[in-house]
Structure formats: structure tokens, C-alpha cells
Amino acid sequence: MGEQHTFMPTEKDYGYTFGGKMPLAHLRSGDVLSTYTEDCFGGAVKTVDDLPSQVCTMPYLNPVTGPFFIDDAEPGDTLAVHFLSIVPARTIGVSSTFLHFGALTSTSRTASLQPPLEERVWLYDIDVKAGVVRYRARNSDYTAELPLDPMHGTVGVAPAGFEARSSITCDSYGGNMDTPELRAGTTLYLGVNVHGAMLGLGDGHARQGQGEASGVAVEVAMHTTIAVEVIKGLPTLWPRIESDTAIMSIGCARPLEDAFRISQHDLVGWTGELTGLDDLDAYQLVAQAGTAPVGNVVDPNYTMLAALPKRLLHGVAAYGGAHERLRATPHALSIGTGAP
Amino acid sequence: MGEQHTFMPTEKDYGYTFGGKMPLAHLRSGDVLSTYTEDCFGGAVKTVDDLPSQVCTMPYLNPVTGPFFIDDAEPGDTLAVHFLSIVPARTIGVSSTFLHFGALTSTSRTASLQPPLEERVWLYDIDVKAGVVRYRARNSDYTAELPLDPMHGTVGVAPAGFEARSSITCDSYGGNMDTPELRAGTTLYLGVNVHGAMLGLGDGHARQGQGEASGVAVEVAMHTTIAVEVIKGLPTLWPRIESDTAIMSIGCARPLEDAFRISQHDLVGWTGELTGLDDLDAYQLVAQAGTAPVGNVVDPNYTMLAALPKRLLHGVAAYGGAHERLRATPHALSIGTGAP
Amino acid sequence: MGEQHTFMPTEKDYGYTFGGKMPLAHLRSGDVLSTYTEDCFGGAVKTVDDLPSQVCTMPYLNPVTGPFFIDDAEPGDTLAVHFLSIVPARTIGVSSTFLHFGALTSTSRTASLQPPLEERVWLYDIDVKAGVVRYRARNSDYTAELPLDPMHGTVGVAPAGFEARSSITCDSYGGNMDTPELRAGTTLYLGVNVHGAMLGLGDGHARQGQGEASGVAVEVAMHTTIAVEVIKGLPTLWPRIESDTAIMSIGCARPLEDAFRISQHDLVGWTGELTGLDDLDAYQLVAQAGTAPVGNVVDPNYTMLAALPKRLLHGVAAYGGAHERLRATPHALSIGTGAP
Amino acid sequence: MGEQHTFMPTEKDYGYTFGGKMPLAHLRSGDVLSTYTEDCFGGAVKTVDDLPSQVCTMPYLNPVTGPFFIDDAEPGDTLAVHFLSIVPARTIGVSSTFLHFGALTSTSRTASLQPPLEERVWLYDIDVKAGVVRYRARNSDYTAELPLDPMHGTVGVAPAGFEARSSITCDSYGGNMDTPELRAGTTLYLGVNVHGAMLGLGDGHARQGQGEASGVAVEVAMHTTIAVEVIKGLPTLWPRIESDTAIMSIGCARPLEDAFRISQHDLVGWTGELTGLDDLDAYQLVAQAGTAPVGNVVDPNYTMLAALPKRLLHGVAAYGGAHERLRATPHALSIGTGAP
């Protein structure tokens, strides 16, 4: 098995793009990495008075830890990234409205002459042991406990075609997918576009709803442990997730129906490969048996997932059983002890 | 409590629009209706050789049983329709590709110069007792059992503004919403636009995936029993569903992000009314705690739902407890004995 | 040649849908009709203090004069409607913002939590002899003369499939297309869906910009004279316009790219029929030689036109020369003498 | 006045992104540059048998000449690029269908299970003296002369936020806008995002239709002469074009209505600044007097322009008269002598 690495980033290690940044460290296929990610505000929002428009500076939003150079990863390969653990590094999560950003406001693209919504910050108590996130209304006494469900909004590799893309967006190389399905216990498959893949991750969410409608989840720094594997000679066009019970294809695009089409098209092809069904038979199966969890409907590209229960694969393993292999990786559960 | 009605439609009773058709029967608030709906093909697809383009005739697709005139329902009221039971009336369900219709083909609107996909029919065995629908591939030996999950794709009232709309589409009056959430045990709330509401229903699905990607679900005639209640003086702008565990708002529109926006906007407002949260506090709660099940991404208007767990309402009942009241309606489970 | 008809509607003659309304009068192929249309506000906005939300009542917006039953028009035929003259019936045109309607505001579909834009009315002086419309700013002394370019925003026939559609929207049957290309001297081709076609028209604009971004043009009642011809046995799928110099196909849909696709697809097919080019050769010609004037980007369906210079048809006449024949119709230029 | 520069690129000078590439040469504000751009195929398509999928290699499509470092251009400034001349460098222009690319085919994003359209190449004779481009059908004898209207599809500066973006797409920094409005005699205004602006240009079209529906224009290498000016301290959010008669704002986005919204929003603001009209008065003026020429509806981001006649500015000059100043730049009309 591989080596155990620990990488704690300093302020200057964070990146704001996928592509265009030199690697922080090298990993080999089979290695385990424990690292830390800052929240999407770079940790600058700490109280309800820290309005993002005042305490954050563009483009220093959504810092990504990385990239990590994965030895032996070449264009045409697939990088499997298994999330062994994702643990909040703080006991307070933050959320906010963000000027002209979100699903229920006009934006810089869905432009209108209306003024933006009020900028407001919410703080959430995070209780890792109880598995709970506590919502507190700002303008009333209402409170509610929501299930803690830690995930990474942003995971990706360098894009193809010499591109460097903002960590705010997502596309075929991954990036800011903002799907609640990217939690511990799942394996993310990303096509490798450049030598070394250049893996980065960030944007931890203590939880988010499907769609991330307000534009901002329950943001929190994370202590995260991943295991990586290079699957040689097998390309992956769009990001895919495998859990213990489902395979999922991810589409990133606008309008949202194109994200849906991409994800369904990819899942139909993947299902066909694994089951031997022809295109139309696979299309029919996915149409009746699939689910379509929404990721985000707020970022520059929206995210839709297409999911199929693995039991319908009748025992055939995706990517040669990479998920099962990686989830068995021995590792010390890295519950963090607070921010570095 | 109300009366028990049974209405078995004959061929001439089916409608193909919401609005513009005279009522078949009258119901009172509190009444229970057992009726029958034909499948979306009008029952014409019976074997894999019955291609829809050959056995069906436009516009005689997606027949609706109704409308039913609901006494005392006036514009500005809400009609609550609770589904007491939805039971397949045949042991074979049918699905198909449909020329230039579906998510993974160009269509009459998303027009291209490409020829349509092959038209192909699938038959599904429906085993009501086992709760199973059996998929059989057409071009291989692959088969799979899927959970039976009967629902109505199409339920609606007459639109406002003197409109009559095809039963193929959906909008604020309901119609062909094609969401798998519309199953037995749920209550659908529809705003009343005309005197008598003019309720109709059809398009039974033994099951469908989220998104209904191929354009056609596992279609089957249904024996269905509903209970209706008129909620006076309370308007409803967009269709809403209440289950035992969640409240859901439905948006129907293109592009898909507008369906999402409508549903989220409606749920934020509804949540605010029930919890006393102001707009932004409700927006924040829905964004972190909500789910967004996709309905269809194939019909003239797409469907998105926005759902919130009812436990977050801290005991406040929607629509004065209509769902709890209606689900307690005594009724004989009307398992049909086959088509009339 | 045909008969000359004059029809002056009374208040009760206006309709608010295409489909679902009984005819006001009969016309024969070749006849000429002089009639009057009210403005989209039903004439209720007369001063800058007449805010539409206060003086108008839903759904009594966008009144349509008609329908007119066209003898001998059957499903599968095409109705050619040539606009001999369109003359403003008042010397003041009105425009306004309209709550949550327009391209630069959130709307009932592109829903947001923002309040609507201010509701404001503008009055325009219309000088028919000078061919000028005068814009006057509300909050400054700025004024400007714009070219008078009278047109009808709304012209259509009854839809197929037993539908009745609000006069606010457009689709394959025409309706509220809101394209500035529908001016005097052009011929509109509409596919006939029902016996008698059921032609209606309204929504006169003294002028509008491409896109009608604010949601409301320079609205004014019109005295309009048309000549109609039934083209037997030739179906038309989407509305088409012919001017002296161009043929144009109209697509009505959301998102706007689907309106574009529909119009381009239709024009490619039409061009192929008239020139003998195969699909790809026609696609190539249209792509390099065509223009794509925007209609509206505000109504329930958006409008795009695809246009090709007629000189590229090398002398072949569309629809057997209907446009040239109709534009030669002798008629008295019916400059109105004010509203009835 | 400035210096005259000539830059003839060699093969290794071409770039395939905006951002992320070192400059080829330096220019000062006021300088004139005569240069050469290759066609979008890198010159590899020379006969109808040179199918792009066989003779081109991803990502080496749409080569850009540049970037040029503009001395004194800083973030927050605007770079004005005036096109003094754009002259085809070859007598043959090429076009083609391109697999799963274009408006009337499914694509990698608007994904379908349909096979791609046939890949076909067209050659156009370009006669610069006659001002004509000759279309020749591939499957019939049809030919037609179209007006020569040379333009650059692709002009841009480095994006903000450390991004490097493929030359296939466009956004707020310009890029592959593919609008026929970018012809000789116009001035393009681009906001400067990085020190030196990093201007690049390419993708010459002998002409294109509005929308570029087939995905490929009449592609040809160009000899082009530009004059540049840095407008200090005046930021520009989205690309703008000024001609002798109109000001135009460009929006790049999907769906197409967002490109429309961006362009209209920007033009409303620009018009307000120049005329003193408040937002709603400017919105009203643009809505009635504006045109909305479509750019492309095929690239990763679509392009819409919003245009207003300059006479409505009542003599106020945009950007301090930069357009008038630059268009008066003395220069030798650089008609090329063929490819280097």
C-alpha cells in the first residue's frame, strides 16, 4: 500500500484556479493524504458583522489546497480520489447572502436593474459528536438542528487545453461542483488532462441543501483525508462519483438542462459499458431507475448528477473495483484539532 | 364526512386539455372519488411492435379523466387533492422512445438536423403484491427488478385567463408535472382559477426515474382513489405537495433553472408563512435544509420540486392541517380488477 | 379579387386568447379587411399617472380583435395574411415598466426575492405624417425623435390540440410574437390548425426595439388593413414572414437558444425546398448569409427570426408567389379617424 | 502619434488561450500594429477532403496572434482597439460542419444519443476587389455571391482572477465573440484585467451570418491593422464596440437570454452615463430605439449585442472621443501579399 502524507497549507499555498499553479507536493497512486482546507471566505467571516463584500477581496475567494502532483498520472488516465474522512476544523460554520449571487436574486449574468438583496451572515454551531449543525435565524428566535453532512464543494484537476479556471466554477475537470454527494465514503473519478493531474480541493461544507439556493452553504474549514489511485489508460470525460450503493455522473453547464443532459448522457454510456446494454436499453433503464440529485444552481456552471443503484450492475465493478479497494485503505481518522 | 363516488370513464369521457372541457361529474369538499385513468398512449401500445408513431394519433395523447366540478371551489381558493390509493390496472406497463421527444435527443424545440433516435418499445411486468416492476432489455438478456412506485404524472385544474392547455404540458395550474413525488399518501394543493376548479387526472406511472429522461415512464392505466377538500379564501400560486414528512413546492418552466427558481421562491415564501421567518432567514433555511427533487426534463415545461422536512415547521400545520385530515379519510382500498 | 370588409370591434368583441372563442365575422380567401385594434392596455393607460397595475385587470390585457373565420381554411393549409396598412389610431403612444415583467427584472418565472422595479409610464407623441415618434424622459429634459415603424405584436390563429392560449404568449400558431418585422408590406404565413383558421390580431406598436427589453413597446391602437389568402394543402409548422427582400422563419420558445434553433431549422428547411439544396448545403448557406433579428425576450415564449435575402432564391417564389400577389391588392389606404 | 509596428507570427507564436501566455511584443498607447492571423483551423483545411476531425488536433484550434503587452495598461483601465483594416490573406475561405458543434446539432453539452451530422467542407472564392464571397453548394450546382465583410471572431485580453481561457470561448474579457459587428472601422473597448492587458486576436471571417448557426464562418487568414489606446482610470465590465453610427454592448453567456440581459444591462448603464438619463429612462429608451444583433449561438458562451444609434447621445462622445480619434489614425492600408 501507499504512503501516508500530511500537508498543512500556509497562507501562500492556497490557489484560486485549477490549472496554472505549480504543485505543492507529490503523491503516488495508492498514497493517503491528510490535509486542511480553508473555508470559501478564506476564514475572513467570523461574526455576523463580517459582511463578505467588506472582509473579502476578489479574486481571493474559495481558496483551494493544492495542487498535488500525482506521479504517473498522464492525460488519458483517470484519477480516483476517495474521501476517507472530512471533518470540520471549527465549531462554527458560516453562511451568508452574497451580493448579486444566488438562485433567488438577479446576478451579474442574469442581470437586472434591481438592487441586490440585503447582505446577511448566519453562524451555525457545529457539533461533530452529535452529528448536528444548528441554524439560528437572524430576525427571530427560530432555531433548528440539521444533520451534519460534511463534504467538499470544490475538488478538481487541471483543465485541458492550457486553461486555468477560477475555483468558483466547475466543468469537465471538476472544480466547484458543490454537490452534497461528495461526502466521506465516496470516490470521485476525474479524467487526467495534464501530466501529474494537479489535484486540488477546498470549499468544505458542514452541510448544504440540494441546489445551494442562497449561493453559500454552511462553510467551514476541514481536516480531510483522501486516498488516490491512478487508473491507467482509462479516460473519464466528466466527473463521476461512486458510493457504496450508487454510481453517479456529474454534468456542469448552463442552462441547467444541459447539466442534466450531460450527466444523463454520461450515465447512460457508463451503464452500457458495465452491463452490456446498448444505448437505448441503457437509456431506458436509467430513465426508470435513476435519480437526479441537484448540485448547485448558483455557480457559473450549474451541477446535476445522474445516479443509478449499483445493484443494477449485477455485480460488475466500475473502474476495476477502485472504489472498494480505496475504501478499504487503512488510515487514522484524522479529526482535526482546530485550524493550523 | 363526504360521499363515496365511483366514476368509470368511457372512451368519450377522456379529455386532452386542462380547461375548455365540460365536467363529467360533481364532487363536494370532503368527498372521495374512485376512478380509472388510461395510460398516456390511450392503451394503444400493447406489444413491442406497437410503435407510438403508428398506433397513436396526435393530439389524442395523454388522456385525462375529468374534469370533475368541485362544488363551492371559487377562484382564490385552494383545492386539496389527497391520493388515498393508486393501483395499476394492468399487469404490463409500457415505455418507449418517442420520436424527437426526451432529454437525450433533439426535439421540435431543441431542433437539430439529426434524424430521430430509433423508436423502441419496452414492456414491464408489474407485480403489485411483490411491489416490483420488471425491466427487460430489448437487445440483450439483461433484466432487473425495480421498486413499484405508482404515481400520477398528470393532475390539474383549469388554468386562469380562459386558457385551455394540452395535457402534455404543465404550469401553475398543475397538469403534466411528471414528478415521482405524486404518489399515494400525498396531498396536492392547486390554486382554483375557475368556478368548480375542474379537476382532472391521468398519466399513471408504475414508476419513473427523476427527470423522466427518455420522455416516457412505465406507463399504465390506474385505479385511483382520491379525497378532495376546498380550502376557502387561501390562494395557491404554484402546485404544492405535502407528504407525511415534507412540504414541497413545484415549479414548471423552461429553462430548468426557472423551474428551480419558481419552486425555491415558493417554498421560501411558504416556509416563511409557517415559521414566521422573514424572507432572508427562510431563504437561508431552505438553502441548507432543502432537497430539490427533479420531476421531468422532457415536457414542454420542465418540473422541479423544492422540499423541506416538516419537522422544521416545529408543529405548525400547512393549510390548517388538510393533509392530516385527508389522509385519515376512511376508504376501501380500490384495487382494480382490470380495465373497464 | 375578393371583397372589402370593414369591422369595427366593440368592447365585447375583444378576445384574450387564441382558440376557444367564437368568430366575429367571416372572410374568404382573397378578401380585404379593414379593422381596428385596441392597445395592449385596453386603452386604460392615458396619462403618466395611469399605472398599469392600477388601471388594468388581469386577464384583460392585450385584447385581440377577432377571431375571423376564414372560409375554406382547413387543417393542413396555410393562411397568408398580408398587411396592407398599419396606421396609429391615436396621436399618443404609451409605454411603461410592468411589475416583475421585462428583460432587466426578475419575473414570476425568473423569480427572485427582490422587490419589483418602479412602475413608470412614458407617453410618446406620434406624428404619422412626419413618420416620427417622440420619446420624452420622465426624470430629465432629454427628448429624442425615433422613426415611426408601426407593427402588430400579436397576430395568430387558433392552436392545434383543442388549446386556447393567452394572447400574452406565442407559439407555433403565432400570437404575441412581438417582432418589429411584422410591419405593413409584409406577409405572415400561419399554419391552419382548425376549420376556419380563426385569425385574430392586436397589440399595435408605433415602434419597438429588438428584444422589447422593457417588456412594453410604444403601444397604440391601430387602423389596419389586411388581405388574406388560403394556400391549400401546404402546411406551415412555424410562423413565417415574407417581405419584398427577405424570407423569415419565426421560433417561439424558452430558452432563447431554442427559439433560435427553431427559426434556423425552419429556415434551413424552407431554403432547401426553394433552392433544391440538401439539408447541409442549406444549413451552410443560411449560416453565412442569414440574419437573426430578435423579436421579444420578455414574453412567456421568446421570439427569434431567421432571415435570408430573397435574391438567394434565384427567382423561385415562396408559397407560389402569394406575397407578390397579395401586395398588389388594390385598397384604399385606411388612415383612421381616431378611435371608434 | 504613435509608432507603426509590424508583427508576422511564426508557427510557435500562436496561442490557444487568453491569459497564461507570455507577450510576443510591446505596444504603446497610440501605436499602430499590422499583423497576420491564421484561420481557426490553423490553415489545415485546404480542400473539401480536409475534414477538420482528421487534419486538426485538439486543442490546437483557433490560434490567436498575441498576446501583445500594452505599456501603461493597468487593471481598471480600458483598452481601445480600433480596426483600421482587415483584409483576407488568401483567395479561398473555408467552412465546414464540425462534429457535435453548431446550433442545429446536439453537442457535448446539449448532449444526445444521436450520431453527429455529416462532416462536410465548403470552399469559398474570395474576391477582395469585387467585395464578394462566392458560395458553392457541395451537392448541387447552386452558387451565390455574398458580400465580403471581413471581421475578427476572436479578440481579447487576459481574464481577471489568474484565469487562462480557451480561445474557443468568450466572456467579459472578450475572446471568441464571433460577432459580425467586429469589422474594420469599429473600435472595441475591453476592460484591462492584468498589467499590460495582453491583447490577442485571430479567427478572421470573410463573412458570417448572425448566429454563426453552423458553428463555422467563412474562415480565412487575415492581414489586419489596428490602432490601440489606453484609456486610464475608466473600467469597462463587458466588451463594447463603437462604430461611426452606434454604440454596442456585448454579453457573453449561456443561456442566450443571459447574454441578452448582460448586453442590455450594460447598454442601459452606458446610455445613462452619456445622456444623464436615470436607469429607468435609459431602459425605456434602449427598449424602444435599440437593436440586438446576435453574435454566435454555438460557442461555449453565446454572444448578444445591444446597440443604440449614436445620434441619440446628442453629441456626447463615448470614452472621451476615442473612436473618432483612433479612426483618424494615418496608416497604409495593409493589403497582404499572401500568407507568410
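In order of appearance the chains are A, B, C and D, and numbering begins at 1 in each one.
Methods note: a residue touches a chain if its C-beta (ideal position, glycine included) is under 8 Å from a C-beta of that chain, and two chains touch if they have at least 3 such contacts.
Predicted, not measured: the structure shown is a model, and the values here were computed from it.
Farthest chain from subunit D (centres taken as the mean of C-alpha atoms): B. The chain pair with more C-beta contacts between its two chains, of A-D and A-B, is A-B.
Rounded to whole angstrom units, the spacing between the C-alpha centres of subunit A and subunit B is 33.
Measuring from the averaged C-alpha position of subunit A to that of subunit C gives a distance of 48 Å. Averaged Cα coordinates give subunit A a centre that lies 35 Å from the centre of subunit D. With touch defined as above, residues shared between interfaces to two or more other chains in subunit A number as follows: 104, 110-113, 117, 254-255, 261, 264-265, 268, 280, 283. Of all residues in subunit B, only 104-106, 110-117, 255 touch subunit D in the complex they form. Contacts from subunit B toward subunit C in the complex involve residues 16-17, 19-21, 58-59, 108-113, 160-166, 253-255, 258, 261-262, 264-265, 268, 279-280, 283. Only residues 95, 97, 103-104, 117-118, 120, 122, 124, 133, 135, 137-140, 142, 144, 146, 207-218, 254-257, 260-261, 264-265, 268, 275-278, 280-281, 283-292, 294, 297, 302, 304, 306, 312, 314 of subunit B touch subunit A when the two sit together in their complex.
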